[in-house]
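The following pair of complexes shares a single chain, chain A, combined with chain B in the former and chain C in the latter.
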Partner chain A sequence: MIEIRWHGRGGQGAVTSAELLALAAISEGKFAQAFPSFGPERRGAPVLVFNRVSPNSPIRARVSVAHPDIVIVLDPGLLYITDVTSGLKEDGILVLNTPKSLVEIRSELSGPWRLAVVNATSIAREMIGVPIVNTTMLGALARATRIVELDSLTEPILERFGARARGNVDACRKAYEETETGEPAGIVPKRPKIFEGEELPTWQELLPGCVLTKPGSARQYRTGDWRSERPVWDHQRCIKCGICYLFCPEGCVKQTKEGYFEADLYYCKGCGICARECWTEAIKMVEE
Partner chain B sequence: MVKKMIGIEGSFAIAEAVKLARVDAVAAYPITPQTHIVERLAEFVANGELDAEYIPVESEHSAMSACLGTSAVGARTFTATASQGLELMHEVLYVASSMRLPIVMTLANRAISAPLSIWTDHCDAMAVRDCGWIQIFAENAQQAFDLVLCAFRIAETPAVFLPVMVHIDGFYISHTIEPVQLLEQEAVDSFIPEYRHPYPLDPDRPVTMGAFGPPPIYTEAKKAQEVALRASKAVILEVWQEFSLLSGRHYSPVEGYEAGDADVLFLIMGSFSETAMVAIDRMRAKGQKVGLVRLRLWRPFPVQELRQTVGKAWVIIVLDRAISFGGRDPSVLKSRRRFIP
Partner chain C sequence: METLAVYVPRLITTKEYFAPGHRACMGCGEALAVRLVCKALGRNVIIANATGCMEIVSSPLPYTSWEVPWIHTLFENAAAVASGIEAGIKVLRRKGKYSKKPKVVAMAGDGGTADIGFQALSGAFERGHEFIYICFDNEAYMNTGIQRSSATPFGASTTTSPAGKVSIGQATWKKNMPAIAVAHDIPYVATACPSYPFDLMNKISKAIKIEGPAYIHILSVCPTGWRLPADLTIRAGRLAVETGIFPLYEVEEGKYVLNVDFPRLRPVEDYFKLQGRFRHLTQEVIAQIQERVTAEYTRLREKAARVRDNE
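The block that comes next holds the complex of A and B.
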């Protein structure tokens, strides 16, 4: 049995990719499973999704995948905020969406697993018109692991995407052609735990009824890590009305001494609401 | 300290206990056979005998929700319900116990529809068996009065901080007039100290209650709750002990009647055990070695006390006033000793 863990962000379609993979495998007569592990569901928040695929026996395990054979990362930014290789088996494979080359990535990440890279964001932009890479990464996965035939993915994608299916099928094919794979490298470097907020209280430490006596218990959640675009203010156009400040769902827009506004990038998740609400169009969202 | 015996309806005796406990808030919706309790409390508030906030709500779901709020700000809180009303507030019961709010509630046990029935059984009690409340059964109006008083003291003990449900059989207790000894206000005041929530909802010292709990927190929270509920038994024993000094009436998690040398034991909860005592007296008079085990503390379940009281009996006959549809021998379970937990 092959176990797969997908790392994506809310809204990137990781759940859909895992589902399509399972459907493709099942259509080949294999046994397969796909299920998500959600936190608080929000666009941009890191999400995990799991697959299991077995050529010949039913799958009974109904539990998160802790020691995957394959890890797929939909969002390049996730590499820097979470340990995507956690538990990845020695002979496993890491499939990354990244604009970087295999050599560049090797200098950042090395371990006793194989690597496969593809610039899925640019493929998706070109073939589908939006930077949603879930179907694109399915092509990369099929190429790097041969877990399903490329053709088996077509039918589920066509069924799922209706009018937009053609672009998704093409993106999947293009990624299949462009994916580069590399052999295992040396020793796994100990990655620092960058993900904060992992120290959770035990039952003895919780106050009765889980009362929280201090505000800001979510202060350490660096929602800024979710961002793929950031707001940039144009002071020429800004009339200091404060609408952006009022509408920011993170409450992270602050007023400067001069009366202009800016985002605290530790928390700004790049949702673009400020830019949409600003009626003088003083805010532009630019790619990170 | 102890007043003379008076004749009083069970519901009104409970209302007296709630008044003596100086509750700060009552939120309730009337439902037979509980209505007399909260009607009497509404009168007390209206005529100035009880200085409390009486919150008439539009449903039992709202009643328990209002109780969450009043208890969370640090107000001593009481409500009562039965049957369908209890079912309607079901989800909020879990919130009360999980948020560790020491609400006291009387449940006038009543059957659940359909067909529509206002009469007594324990199906309502069994439907909320696992909601995390301390649950105690009374057998008569005197016990109802006593156990409701004790319930406030137990619930509000800092080591406990859990809601308490006192079960009384509808009509057999709620609507029965019988002799009851009330207590003087000073005695009750010394028995039940002021309620202090350690982290109340207070605009000057804000806290968050009922926040989001992802699985790693939720599991820890449930463990803490279970430990607290199990540990509450020690406090319950202490409070009942202290109450016996005050009133001369003693309560235990499991109480026997002619149980010591009995070969055959009945196991009963609630008012029916008094009726069973009549039968046991008659059978004993004929030389039959029968006795009775009365389960007073239902949650936390008193396993050790039950084992002790069962003693060496050969047969235990469980008279259960609830049906577990599709379960095993639910209503009258004849069981050999080894099947008893």
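The block that comes next holds the complex of A and C.
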């Protein structure tokens, strides 16, 4: 049995990809599962989705995948904010969407696993017209792991996407052709911690009735890694009115000593409301 | 548009009682509404919150975004729990066992208010508890994935009122919850929207002082469920008001006051255009909705005018 973990962001279609992969495997006569991990995270937040594929026996396991054979990452930014290789088996493979070459990625990220890279964002932009890479990455996955035949993916994609299917099939095929694979080497980079400061309490330490005694403890939780764009302030244009502060749904815009405003990037989700509502256009959203 | 006072942090508290680190979608208008409501409520409150997006995103054990006493209730009983807290405080005070007087507040989504928590709410109004009930109306059951509620507007596509070849989306008109609250003869009813933040916070401050039930209905733009780019949340709320689809008004002791009025309303299409949930609407249906919005707005204006004339 082969176990797969997908890393994407809410809204990027990782759940759909996993389902399409399972359908493709089933069409080849294999057994397969696809399911997301269920959490309160919303659009833009890092999400996990799982597959199991077994060539000849039914799959009994119903739990999430802790030790995947394959990890596939839809969003290049996730590499630097979540531990994508957590639990990945030593002989496993990491399939990445990245604009970087295999050599560059190798110097940044390493471990005993094999690597496969493809610039899925650029392929999706070209073939589908939008940077949604879920179907594109299916092509990369097929190439890097041979878990299903490329042709088996076509039918499920056609069925799921109807009128928009053609671009998705083409993107999937193009990624199949362009995926580079190789062995990683080098040093493992330091990864930022998701949780700062305190450890999570154990279940024995929680009070009965789910009583929480530390007000505002969610402040520990980083939502800044949901962001794909960040707001940048131009002090020349700012009249220090505070509208950006007022409308931020996170309450993470702060006033500096000089009276200007800035976002606390630990929380800023990059929604762009501050930039849209600033009447002097002092705020620009720039890609992370 | 409401005059936006300059130097905002000098006008309102910079304290955040709804802490960041909550897991609402980026650009969530409901999270912004809660943040502003909490600023206006201050520390001296106890909040009972029905399940729904705001409860789920703010309290994944062991974290909480709340900086004030807050209790999670079931879907159907936020108003009943708030009633109990209010009654309990009253008794404890009478017996001299408790001297503080926190304001009791119940919160729920439109599903938790107009459908599932409706009878508990009606009961609490009728018994006259001294509390504020706040409905965060994002016009569907968003937490579970965009199912229609009775507060979903006519023509909106949701997962349980999908637009298609035959269906135009939601086939019924939005339930008028503020009018139902008014029909209970409670002392204070108001509508609000975070796109008009000072109006919203003023209404909360007013509701705190009311002896008896107060009901505040807040239109909370949901970029995820409305299929709207996240940065347009504030603009969409403003358009809902400027088109007359969601007028901002207060009803104090039965008297209507229109807080923001326009010599001419914008066409409803300006509001629909932004949102994927209305993308399928034909000109014919839009005209039908326009007619109804105009008629309802005119009626509201007349009610407000009658109050003005009598004073």
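Heads up, the rule we're going with is that the second predicted complex is superposed on the first by the 229 of 288 C-alpha atoms of A that agree within 3 Å, B and C clash if a C-alpha of one lies under 4 Å from a C-alpha of the other, contacts with A are read in each partner's own complex, and residues count from 1 in each chain.
We take it that a residue touches a chain if its C-beta (ideal position, glycine included) is under 8 Å from a C-beta of that chain, and two chains touch if they have at least 3 such contacts.
Note that this is a predicted model, so its numbers are computed, not measured.
By the document's definition of touching, of the two partners only chain B reaches A:Gln204; chain C does not. Applying the stated contact rule after C-alpha superposition, one finds that A:Gln220 touches chain C and leaves chain B untouched.
When the shared chain is aligned, chain C comes close enough to touch A:Lys269, but chain B does not.
Of the two partner chains, chain C is the only one touched by A:Tyr245; chain B is not.
In the superposed pair of complexes, A:Leu212 makes contact with chain B and with chain C alike.
For chain A, the partner touching the most residues, choosing from chain B and chain C, is C. Residue overlap on chain A between the chain B contacts of one complex and the chain C contacts of the other covers 39-40, 200-201, 206, 210, 212, 215, 217. Considering their complex, residues 39-40, 200-204, 206-213, 215, 217 of chain A touch chain B.
Interface of chain A with chain C (complex): residues 10, 39-45, 200-201, 206, 210, 212, 214-223, 226-227, 239-243, 245-252, 255, 264, 266-267, 269-273, 275-277, 285. If you check the complex, the residues on chain C that touch chain A are 4, 6-9, 12, 14, 16, 18-29, 31-32, 35, 56-68, 72, 194, 197, 223-224, 229-235.
Of all residues in chain B, only 98-101, 161, 198-199, 205-214, 216-217, 220-221, 223-224, 227-228 touch chain A in the complex they form.
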